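Each of the two complexes below includes subunit A, the first together with subunit B, the second together with subunit C.
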Partner chain A sequence: MTGIVTFLTKGSRPFWLALLVITWALSTWSFPLYKALGARWIIKFPKKYELSLDTWISNAMTWLVEDAHFILFTFRDLTRFIAAMIEIPYRIMRSLLIDGFSLGQGQQAIEIAPSISWIAIIGAMAALAFYAKNRALAWLAGLCFAYLAVFGQWESAMVTLASVLIAVPIGVGGGLALGILSYRHPWFERLLRPLLDLMQTVPVFAYLVPILFLFGFGPVSALVATVIYAMPPMVRVATVALHSVPEEIIEAGRMVGSKPRQLMWKVLVPTALPSLMVGVNQVIMLSLNMVIIASMIGAGGLGYDVLTSLRRLDIGGGIEAGLAIVVMAIALDRVSQAFAIRRVRPRPDPSKPLYLRYPLLSFVMALTVITTLLGLWIPAFRLYPEALTITTGSIWSTIMEWINVTFFDTLEAIKTFFLTYLLLPVKRFFTGIPWAWGIIVMGLISARLGGWKLGLMAALMTLFIAANGLWAKAMITVYLVSVSVLIASAIGIPLGVWAGQNARANTVIGTLIDTLQTLPSFVYLIPVVMLFRVGDFSAMIAVVLYALAPAVRYAAHGIRSIDPELIDAGKAAGCTDRQLLVRIKMPLAAPSLLLGLNQTIMLALSMLVITALVGTRDLGQEVYIALTKANTGQGIIAGLSVAFIAIMADRIVTALARTSQERLGVK
Partner chain B sequence: MERSVKLECRGVWKVYGAQPESFLAKHNGAPTTADFESERMIGAVRDANVQVYEGEIFVIMGLSGSGKSTLVRCLSRLIESTAGEINFEGRNLLTMTDAELIEVRRKKMGMVFQHFALLPHLTVLQNAAFPLEIQGVSLKDREARARQMIELVGLQGREDYYPRQLSGGQQQRVGIARSLVAEPDLWFLDEPFSALDPLIRREMQDEFLRLQSMLHKTIVFITHDFDEAIRLADRIAVMKDGSIEQIDTPENLVMNPATPYVEEFTRHIPRAKVMKLQSIMSKGVPDGDYAGDLAGHLTVADTVLQLDQAGLPFRVLDQDGSPVGTVGSKDAVDIMIGRTVG
Partner chain C sequence: MTKLTILSAALLTAVSATTALAEVESLDPIKLTTHDWTGQIITTTIMGEVLKKAGYNVEYVQADYIAQFAGLKTGDLHVAMEIWETTGREAMDDATNSGNVVNMGSTGMDAVEEWWYPAYMEKVCPGLPDWKALNDCAAEFATPETAPMGRYLGGPVTWGGFDDERVEALEMDFEVVHAGTDAALFAELESAYQREAPIVLWIYSPHWATAKYDGKFVQFPPYSAECYSDPSVGMNPDAAYDCGKPTGPIWKVAWTGVADKWPGAADAIKAFDIDNDAMGTLVGRVDLDGESIDAVVADWMANNEANWSSWIK
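Up next is the complex of A and B:
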């Protein structure tokens, strides 16, 4: 008995080998086994034991929306109130940026004030960039926004910008508030942390359904979903930023007799501001990431353009709108990043007149008033003249068509090769595993790496997935993620290692990776679908592209942070470059590589759900179906299943990283 | 010359670990080192008894981990003591409400920190004015006060700089200006010069003595540097493993160490740097020729050149400037070479 326990917990190579062999054997022969024994339960979770959690959740949701009421108001009143609180500022922002202010409805509407001139908006953006950093950034931001006007994306872009400008302050404010609460009350942080874990791992689609239920189709739902999606990182960043304010500064604040509120707003928050700005940047980028997805529940703007083009297979239109999102993302990303590292500058000389003390603000205000007033008489000032817009849609369509015609055979060959020799075998392996063994194996692996508690948790999570009848789809998710992560690591780690050793490679690869990371996840789908059409292979490519960045980053970081003395020691011992890499650098970079692997898996999972749109048959599809059928329960259960897979992967890889860190004695 | 006690602590303990109060109670309020080890508790401060007199420079000296920083944080109630009593101007600091404590800190206490603890988003002027801002003093008044303080610490002309634009020594000058702007009576300095390089440290010590000669604050000064302690202190408390080993004047620490630890610590301190003329002089001033007058609080090291060159003995003056004794070059040389006095 003790022998078995030791074998399960201590034995290393025989344990893994045995596990692999049994799993492989069961996966290969599960079907014949079921036929021979007539035991269908081997390959499929018995129907009569299946949980009907999804129905319960859907019913609870219906009750909440239709019947629930608090003493003074119903639940529906509450959601309507929230909706109004969001809708009013959103309408004002939209009117300001593009629609103009008007009284009355429809045809009878009388315009009472125009929207801000496009010239002024470009000018304001450039001025903001100049304030944040320098002239070069001002040019970049200005040109990015000018692009939107010149290429005819202005109106959609402004609708998108309006929702970003509403979602970001709510996300930042809410995130900061929750961050402050977690900083002040450790119990609140303990309560919040698992919730945040879940929010960041549950695919977005899953909570689109309940939001749709509560707020109906429209921009408000889209904004709510965006805020929910974009807020968790801000909470984390805020908590960490506040915790990392040096103890002495807090003591200094207390010793001058600050009250708790003064300590927070005059000492802690200003000191943590540069770190907090990193959170703001993340909120902005995640909000933009949501632009397309949110348009499924009524966001409008650029996201809607991309979505409709993709559905119509309008190649040119999709690329045009997608590029517009990218351009906007780059501008907003660079400017907000510049704010994060912006240093305080000397105060303006108070003896000067006001307009000289604040030249940028004065410039923007003057520009706004002048161009907007001119816009009342000369339409070209109000909106970029349509006659001057350049459309590239047809060019893109032609290019894509040419590639597809010329390289059809090559592309098809690549696709077939990967499908036959990689995707299908892996798929057969994973989908063949009987659910019962799956639960055992997950429990064993987790227990072996992270202790019996983790093992129990993993077994229960796997059971949850199986018991909800999602085993087959979950295995497809696992297979697609595994293959994608494998390929992403195979490309990313060598690139990262190269970047870590070579300064010039680092500049090139770094820029590439930065750009890839700025792109909203949805954008990756556009060219992939154009080239490879729908299916697992397209999904895999999109996932690989999206999940590549962390593999590269962490590998480069791992190589770069090796103690130079160790490398000198290797050289002194007469290592060749190759030996240096294999024997010294790689083993020392292992913990960092594992952390990168963790991030790669997380990104791959989040992207995979989105690829449901290009026809995978995994959990993502389950969530997406739930969304189209507005089935709250189904969506949440499938979403939770994805989250559970993510959490298990995260805990297992983290445990691996911890062991390897401890072995190397590094932190 | 009986001086009033400004700050006093009696039987102060700071214990870290699980349930420190019940741990102390279990051992009748006086656990031994063995008790701490067997129950995995840490006694950061153990039974500290300190009296700081009005207007003196009281130095708490100890190596890192000796509990000196913890003790000063207990004295300023930045952390709560596990047991004991702390009286500030006759009021029990530990039973004050939050509002009372805030009031005391605003009006009566100032503190300087090892790593300066300046607010990075504020200018020199705004940093120096910060305590007054917290008190709600108007912009004009607080900036005027802060300007005076900046001038006092010799940073005029740099009011609009940000902390990161200053050198370490300059940053600590801002820290000092900030700690003095509200005119506190009690001034805590927590290793204020430890983060500075040796030349600047020396300069800042001189600056500190110059300020104190003008301001006459009651000072609690923390350091791990014994040289610094004997240069600045009226009295020194030596700490080890959370306990105070000895509280005495620098001279007495060197001449009459109370424990082996203090003896070990002071063994290599040159006596001449510590011994003051008033302790080595021959009492009484017989008539005769003298080379001149020397103040009694000067050390042998300060005066040995003068004594040696003069050929005649000097008269030693007490604090009021009246002659109380005489000292000659032989007395000084005895100390310098370690020959037993007398």
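Up next is the complex of A and C:
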């Protein structure tokens, strides 16, 4: 008995080898085994023991929407009240940016005040960038916003900007509040952590239906979904940032007699501000990631333009609107990052007149008033004149057609090669694994790497997936993710290593990665389908393109953060560049590479749900079907299954990273 | 000073406009849903513009095709202009049975959904559009993943359509591959059409594709309700679905409260009528020629005044 226990927990190579061989054998022969023994339960979870959790959840949802009430008002009244509270600032923001203010309804409406001139908005953005950093950033931000006007994306972009400007403060405020609570009460943090994991890993599609039911149809539901998706990093960053405020500073605060509230808002939060800004930046970027999905449920804006362009196969239109999202993301990202590292500057001299004390603010105010007033008479000041917009027109479609006609056969051959030698074998391996062995093996792997608690958790999570009848779809998910992650790492890590060693490569690769991450995947999904047809291969390409970023970033970071003394030591010992890389840099960067792997897996999983739009038969499809059929229970169960796979992968890779860090003695 | 004059002038026009349109029952906006395909948005915009001419206020709300029924039942949303017999029947029946949603009659358009092939395939596969001829040259439609079977690109699984069952019942040598969205469906068609490569896929009409691409629907044994429900009917005595897909009207539905709150609007919605050809042309102008929906609708309104003004009488 002890022998087995030691073998399972201590033995190294034999353990992994045995596990692999057994899994492989079972996967290959599970079907003959079922035929020979007449035991169908081997390959399929018995129907009669399947949980009907999805029906319960759907029923609970119906009850919540239709019957639940707190004596004076119903649950729905409560959510509708919240919806109205969000809608008011949203409407004001939209009126300010694009719609203009008006009184009355529909045709009886009278405009009482115009929206801000486009010139003033570009000016304000540039001024903000100048305030945050310098002239170069001001140019960048100004040009990014000018792109929106020149390419005729202004109106949609302002609708998107309005929702970002509402979602971000709610996400940041809520995140900070939860972060403060977590900082003050460790029990709250313990309670919140699994919830945050779920918020980050359950695909958005899974909870869109209940949100629509509760918050009504329209932009508010899209805002709520965006906040749920974008808030978790803020909570995490806030908790960590508050914890890492030096004890001396807190002591100093206490010595001058601060009350807890004063300590928090006058000492802790200001000290942690640079770190908190990192969280703000994350919230902004994630909100922009949600633009496409939000537009599916009524947010309108740029996401809607991308969707409708691609539905009529107007690839150029899709790319232009998609790039509009990218430039907006770049402008907002760079400016918010600049705020994160901005040095505190001396307060202006109070003896000067107001407009000299705040020259930038005065400039923006003056610009706004003048251009907006001019806009009342000259339409060109209010909206960028349509005659001056430019478009790439059909150039993109023509290029696409040329590639399609010229290279299709070559691409087809490459695709067939990958399908035959990589995708299909891996698919057969994963889909063959009997569910019962799957539970055992997940338990064993996790227990071996992270202790018995993790093992038990993994086994239970796997059981949950199997018991809800989702085993086959889950295995297809695992297969697609593992193949995509493999290829993303094979491309991403060398790129990252190169970027880590060469500053010029870093600039080029960095820009490429930023674009790939913020460009809505739908933009490249449709061309990919044109070249590779509907199927797993197209899905894989889309996932690889999206999940490449962390593999590159973490590899570059890992290489850059190696202690230079170690490299010098290697050089002194006479290592060639190649030896330096293979023997010193790569092993030392291993923990960083593993963290990158972790993130790659997370992004691949989140992307899988989008690839259901091309037609994969995995959990992503299950979630998507549930969405289109408005089946709350089915969506949440499939969403939870995706989340569980993500959580298991995260814990296992984190455990691996920890052991490799300990082995190397680095932090 | 000038600004003040403009404002008061605007106020004056607004006041006079209000008096002119005072006969409508309620000024609350009527919420019409829009989905993600152009034809539906055009239908809805025409309806909305006509209602505006009658003095009603309208608001377009973007909502999912199936999910919208939840909103229609509670009165969050008011009118849905296109519910296809072929894809929306179940959800529509479910909603009308609740008593909170009513069918406002047909839009005058007929939905067609069937297997479709580009005209150049007739050279490779003589005998088309007959389905037996299609089956005889199934190998022409094979791809490395499906060989030796032919590849048929079906709609998203959520569309239903019973293609897997049809292939089984008619013993066709085809494998059904489901696209995830209709954007993916038409992306593949565009790609194949550019290369004149073999393809057979699910197409629906009214849609711009039938205007842009030259091709035909495959002719299956004609649909009957019994064919779907009774295995013994049709050429395969042991299987249902051994026939083509049903065609049927595209319906309009509304929240029950519409007739109480805006009776005049309800009558106009019931009277709405347009045919496949007219709609096909409008959709083509938007999706193929790149005109804006508003411009196309405004043009239609100008040319068909006699038609739509009878709806709001």
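One rule holds for everything that comes next: the second predicted complex is superposed on the first by the 607 of 667 C-alpha atoms of A that agree within 3 Å, B and C clash if a C-alpha of one lies under 4 Å from a C-alpha of the other, contacts with A are read in each partner's own complex, and residues count from 1 in each chain.
In this section, contacts are C-beta pairs under 8 Å (C-beta built on N, C-alpha and C of every residue); 3 or more make two chains touch, one makes a residue touch a chain.
A quick note: this is a predicted structure, and the numbers were derived from the prediction, not measured.
More residues of subunit A are touched by C (comparison of subunit B with subunit C).
With both structures placed on the common chain, the touch criterion links A:D314 to subunit C but leaves subunit B unconnected. Once chain A of one complex is fitted onto chain A of the other, the partner contacts of A:V256 are limited to subunit B, with no touch recorded for subunit C. In the superposition on chain A, A:K266 makes contact with subunit B only, not with subunit C. Contact with subunit B, but none with subunit C, is seen for A:P246 once the two complexes are overlaid on the shared chain. Counting contacts by the rule stated earlier, no residue of subunit A appears in both its interface with subunit B and its interface with subunit C. On the subunit A side of its complex with subunit C, the touching residues are 104-108, 110-111, 209, 212-213, 216-218, 295-298, 300, 304, 307-308, 310-314, 376, 401, 404-405, 408, 412, 416, 419, 522, 525-527, 529-531, 533-535, 611-616, 621, 624-625, 627-630. Taken together, the subunit A residues at the contact with subunit B in this complex read 246, 248-249, 251-252, 254-259, 262, 266-267, 270-271, 273, 343-344, 346-347.
Chain contact summary for the complex, subunit B toward subunit A: residues 73, 76, 78, 102-107, 109-111, 113-123, 130-131, 133-135, 160, 162, 164, 178-179, 182, 188. Every residue of subunit C that touches subunit A in the complex is listed here, in rising order: 3, 6, 10-11, 14, 17-18, 21, 27-29, 33, 36-38, 52, 55-59, 61-71, 76-77, 143-145, 153, 156-158, 177-188, 190-191, 194-195, 197, 208, 286-288, 290.
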